[in-house]
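The following pair of complexes shares a single chain, chain A, combined with chain B in the former and chain C in the latter.
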Partner chain A sequence: MSSITETASALPARPRAAGWARLPLWLRRVILLAAIVGLWQAYVAWSEFGGNPLLFASPADTATAFWDGWRDGSLARATWETMRLLLIGVGIGAAIAALFTLFASLSQIGEDILLLLTAILNPLPGVAVLPLALLWFGLSSKAIIFAIANATIWPIAINLTTGFKTVNPTIVAAGRNIGLKGVRLVTDVLAPAALPNAISGLKTAWAFGWRTVVAAELVFGVVGGEGGLGTYINNAKLYLFTSKMFAALLSIAILGVAFELLFGVLERRTIVRWGMQRS
Partner chain B sequence: MKRFRLAAILVAAVAATVVVATSAFGGGQAAVPEKIVIAYQPGMGYAPLIIMKHQRTLEKRYPSLQVEYRVLPSGTAITNGMISGQINVGAMGTGPFLVGYARGIDWKMIAPLNEADLWLMAKDPNIKTIADLKGKRIATPTNTSIQAAMLRKMAEVKLGDAKALNAGLIAMDHPDAMQALLAGQIDAHLTSPPFQFQERNRGAHIVAKSYSYFGAHSFLGAVVTDKFYRDYTAFSNQLYLDVAAAIKLVKTNPKKVAQILQDEAGGAPSARQFKQWIGNPAITYTTRPRGLMRTATFMARTGQLPGRVPSSWRDLVFPPVHPTNGS
Partner chain C sequence: MSSTTDTAVLRAEHVQLGYWTPDGFTLAVQDATFSVAPREKAIVIGPSGCGKSTLLKAVAGFIRPTAGRIHVSGREKLEPGPDRAVVFQEFDQLFPWRSVLDNVAYPLRINGWKRRDAVERAREFIELTSLGRSADRYPHQLSGGMKQRVAIARALALDPAMLLMDEPFGSLDMITRARLQQELNGIIERTQTTLLLVTHSMDEALTVGDNVIVLAGSPSVVTEIVDVRDVGPPDLPRYAETRLHLRDLLGVTHEEDETHVVDH
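Here is the complex of A and B:
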C-alpha cells in the first residue's frame, strides 16, 4: 500500500529531472561518461572476473594501452590500413551504385534489375560473402575490398534511386523551362535535388562498410603483414593483451563518432545550407 | 596438577597438529573434482587423450566424476576457456602454452604428450628451399603456434632474419590450410601429423623439417593450472599416470590404438592408415618434455614471449614430470 503512495508521490519529482535537463549538454555527457568509467573501475575492483587482467582491462590499463598504441604507431598503422581498405571498398561500391542508378533511371528494365538485386543482396550481412570472396580473390585484401563493396553498393543504390524518383517535378519542370536537358538536367537539377538521399545513402554505406571491414579482418586473420584494426584485436587476443583489445575497441568507437561528426559537417555545409533539410 | 597441565598441553598440541595436517593435505591429496572438462584439438597428436576418452579411463576410476571431452579448433580457444575456468585440462602446442606462461597464467604441463617433426609443405614444384618462399603465402595455425616459431627458426637459419617470411604468414587451422594448399590458394603450409602425411599423399612435397633446424622438440602437452593442481594434487598425479599408460598402449598395441583413432574420428581415415601414421618417426609419443627451454628461449628472442621467461624446464611442468629427464 505504502509503496503505491510512494510511487504516486514520486511522480511530481519530475522537476529534478528538469534540473538535470537544464545542465548544458557537454556537462551532462561528461557526468555520464565519468559515471560509466566509475562503474567500470568498480567492476574491476570488486568482481573476480573483472579483477583478472587476462580477462578484463581496467580503465587505467586501457588508457595506457591506448596511449602507447597511438604513440608507437601500431594503432595508427592498423587504423590507416583499415581506413585504406574501407575507402577503396566504399569508393568502388559508390561508383558501381552510381552506374546502377543511372541505368535504373534510364530504363524500366534497369530499375527492375536493381530492385531485384537489392532485395536479394541488401539483407546479406557484409561478412557473409567473405568465404566466397576468399575463394574468388584468394587470401588477399582484394577479398575484403570485395566484401566492403558489396556491403556498400546496395544502400547507396537504394537511396540514390529514391532520391532521383522523389525530386519535386516542379523543379524539374523549371529546369526544363530554362532550357536544360540531358546531362545538364541531371548534373544541375536532379543530382543536387537528390543530394540529401545520396548523403544518407553514403552514411549508411559507410556504417555497413566499417562493420564489414573490422569483421572481415577478424575472420581473415593475416598474421604477419600489415593488418588493420581487426587483425590488431586478433593479435592482442593471441598474446593475451586484453588491455590492447580494449584500446582497439576504443579507437573504433572514437573513429565511429568522428565520422558521424564529419557527416554532420558535410550535411550542414550542403543540404542544410541549401535549405533542403533543417539542422 | 602441574604435570596434568603439561599433559593437557601435549594432548592439545598433538590434536592441533593432526587437525592442521588433515586440513592441509585432506583438501589436496584426496579430493576429486565433481566435474572435469578436458579439451583438445583435432589431430592424431592428441591420441593419448583420445585413448583415455575411448577407454573411459577416468569414468571407470572415479564413478561419481562427470567427465566431458571437448574438441576445440585452436590453442587460443582452449587458453581462453582455461583462463575463464570452463576448461580444467587443456591440451595444446608448446607455443600457446609458453605465451600463456609468459603473460602470467599460472599453469604448467601435467603431462607432455609427444614430440613431432613438423614439416613445411609446398605443392608448386618450383618451391624447393626456404629461399624460394620469400614473398610467398605460408599458412601456420596462429602467430603464437610452435609452427610459426619453427618457420621463424628456418628463416633465421636460411635467410639470416627470423622475420624474413613474416609478411606472407597467414593464420589458418590445419584442415583449412590443407585444402588451401592443395587448391593452390597458398604457397606453403607448416603443419603437423597427420596433415603433413595427408598433404604428401596428395601431391605436396616437403620443403623443410623442423628437426633439421631446431633439433627434436616437444609438440603437445596437457596443461592444468597451479590452482587445479593444488586443489586436486592426487587426482592430477593420477592423470599423469593415465596419460603415460595411454602412451604405453600406443607402443605396445598400435593396432588397437589405430582402431580407437578410427572409431573416434568417425570411421575415416582407416585404422590401417592410422597405424601407418603412428609408426612414422615424425611423431613420438612421450611424457618427457624435450627442448621446452630451447623453444622458450628462441620465442623470447624473436619477441613472441612478452613477459616472464622460465628459468628451467622444471618451471613448466608439475612434479610427476620432473623425473623424466626432460629439457
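Here is the complex of A and C:
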C-alpha cells in the first residue's frame, strides 16, 4: 500500500480551477439545489397559477406534507410497498436475464433465441403489458411484479450479452489455460469481466422498473387497496391534496438520488477499483 | 528414433496449421517437426505471419492441427490445460478483479490446492519474480513489465510440464525486455521448467534458448534447428556468427536487422 501512496505523491499538483469549478462538489450541488428551491418559491409567490394551493404546492407546503407523511407512516408505507414490488420485480428480472445470458453464452441457439426475444420485447414500454398482466394475475401485486420483471429482463440481458461478447479474448484464453471450462468459465471469468456491462444494465433496469411500478400503481390506485407511491399520488389527486402529490414525487426523487449514490458506491468498490472503468 | 525423442516432453510430427479467413482457408504452417526434451529451452523463431503463434496455440490446445500430430508427455488430442501454462504477449491476460497474489493463487485453488497452501505457494512465486511489494495491488496499478512477471509467476506456480510463452516481452521497451530475459533465465534455472518460447527477436532467442527452431517460408516449414547453448554473451564472436546464421535462415537483410549484435 505504501508504494501506491508514493506513486500518488510523486504526481504533479492538480492544476487549480478557477471560480465555480474550484468549489467542492457538495457545495456546488447545495447552491444549485437552493437556487432551484428559490425559483420554485418565486413562482409560487409571483405567479397566479403557482399561487393557487389547489394546483401547485409551495416548497414549505411540500416539506410539511413530506414531514407529516413520513411521521404518520402513510408515505413510509407507500414507499416501502413500491420498493418491495420493485425489489422483487427487478430481482426476478435479473435472475431470469442471468439465466438467459448463461444459456446464450453456452450455445448458438440460446443466443439466437435471446436476441430475437430481446428485439421483440425490449421496445415495449413496461406498462404496455399491464392490461395483459391484469388479465392473467388479477388485480394483485403479482401483475405489477410481472410488469416490472418484463421491463427489467431485456435491458439486463442486452447489456450482459454485449458484455460477454466483448470480453477480451486473451482473458478467456487465460481462463481456459488454467483449466476452467463450461459454467465455471462463465461464472469465474466471463461474468466478472462483463461486470461493467452488468452494472450498467442493472442501472437501466432499475430506472425502467421505477417508471413501470409507479405507472402500474397509478392504474391500480383507482381501485384502492394497500398501495404504493403511485396509489398515494392518485389518492392525493382525488382529494386535491396537491402538497401530498408533491411530497410523494419528492420521495421518488430522493430515492432515485439515493440509489444513484448506491450504484456509485458499488462501482467504486468494484469496477473502478479494478481499473475496469474510470471513476 | 533416438532416446531424446522417446523421453521428449513435446513432440511435433509434420504438423500442419491454418486458419479460416473470410476468403477461405489459409495455410500458415506447412510442416513443423521438432521435439523438446525435459528442461530444454526451445525457441521458435520466425518472421511475422509465419504461424509461430499459431503453432504455440496448437501446443496449448486452443486449436487443432489440420494434419500431423502433437504429443505432450505422450498425450495427443490436446485441450487447454494447466500442464501447458501459457504466458501471452498481451498485458491484459491477468484477471483485473483479482490482486497480484490472488491472480497467482486462484489458478492453484481451482486445480485442487487448499486455500492456505495456494496462497503460500503464490507468495513464493511472487517473491521469485520480484513482485513481493506488489502482492496486494491490482493489475491496472502495475507496469507492463510487472504484469508479465505476474503472468510468469502464475504460470510457473502451476508446476507445468511445459511453460509456453508467446512473445511475452514483445510489447515491452528494450531495457525492460533485456532485464526480463535475464530474470527468466534465472527463474527457469531454479524451477527447471521445460520452455517453449515464440519470438521474432534473434537476440531473445540467443539469450534465452538452448535450441532455436527456425520457422520460415509461406506457408512455413521448420528449416533448421540451431543449437545455441554455447554461443556465450553478445560480445563473443560465436554469438555474432550464430546470429548471422539465424539472420540468413530467416532471410533478414542487413538493413532490416535493426538491433545490432554488438553495440560497443
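Everything below uses one rule, namely that the second predicted complex is superposed on the first by the 258 of 279 C-alpha atoms of A that agree within 3 Å, B and C clash if a C-alpha of one lies under 4 Å from a C-alpha of the other, contacts with A are read in each partner's own complex, and residues count from 1 in each chain.
By definition in this document, a residue touches a chain if its C-beta (ideal position, glycine included) is under 8 Å from a C-beta of that chain, and two chains touch if they have at least 3 such contacts.
Remember, it's a predicted structure, so these values are computed and weren't measured experimentally.
In the overlay built on the shared chain, the residue A:Gly138 is in contact with chain B alone; chain C does not reach it. In the superposition on chain A, contact of A:Tyr239 is made with chain B only, not with chain C.
When the two complexes are overlaid on their common chain A, residue A:Leu55 makes contact with chain B while staying clear of chain C. After overlaying the two complexes on the shared chain, residue contacts for A:Val183 are found with neither chain B nor chain C. Look at A:Arg273: by the touch rule set out above, it reaches chain C but stays clear of chain B. Residue contacts after overlaying the shared chain place A:Val265 against neither chain B nor chain C. The touching residues of chain B, counted against chain A in their complex, run 76, 79, 83-84, 99-100, 103-105, 137, 140, 142-144, 148, 165-172, 180, 185-186, 306.
Put simply, chain A touches chain B in their complex at residues 49, 52-55, 134, 138-139, 221-225, 234-235, 237-241. By the touch criterion stated above, chain C contacts chain A in their complex at residues 60, 62, 80-82, 84-86, 88, 90, 92-97, 106-107, 110-111, 133-134, 136-141, 154, 158.
For chain A in complex with chain C, the touching residues are 1, 3-4, 168, 170-171, 173-174, 176-180, 184, 188-189, 192-193, 195, 270, 273-276.
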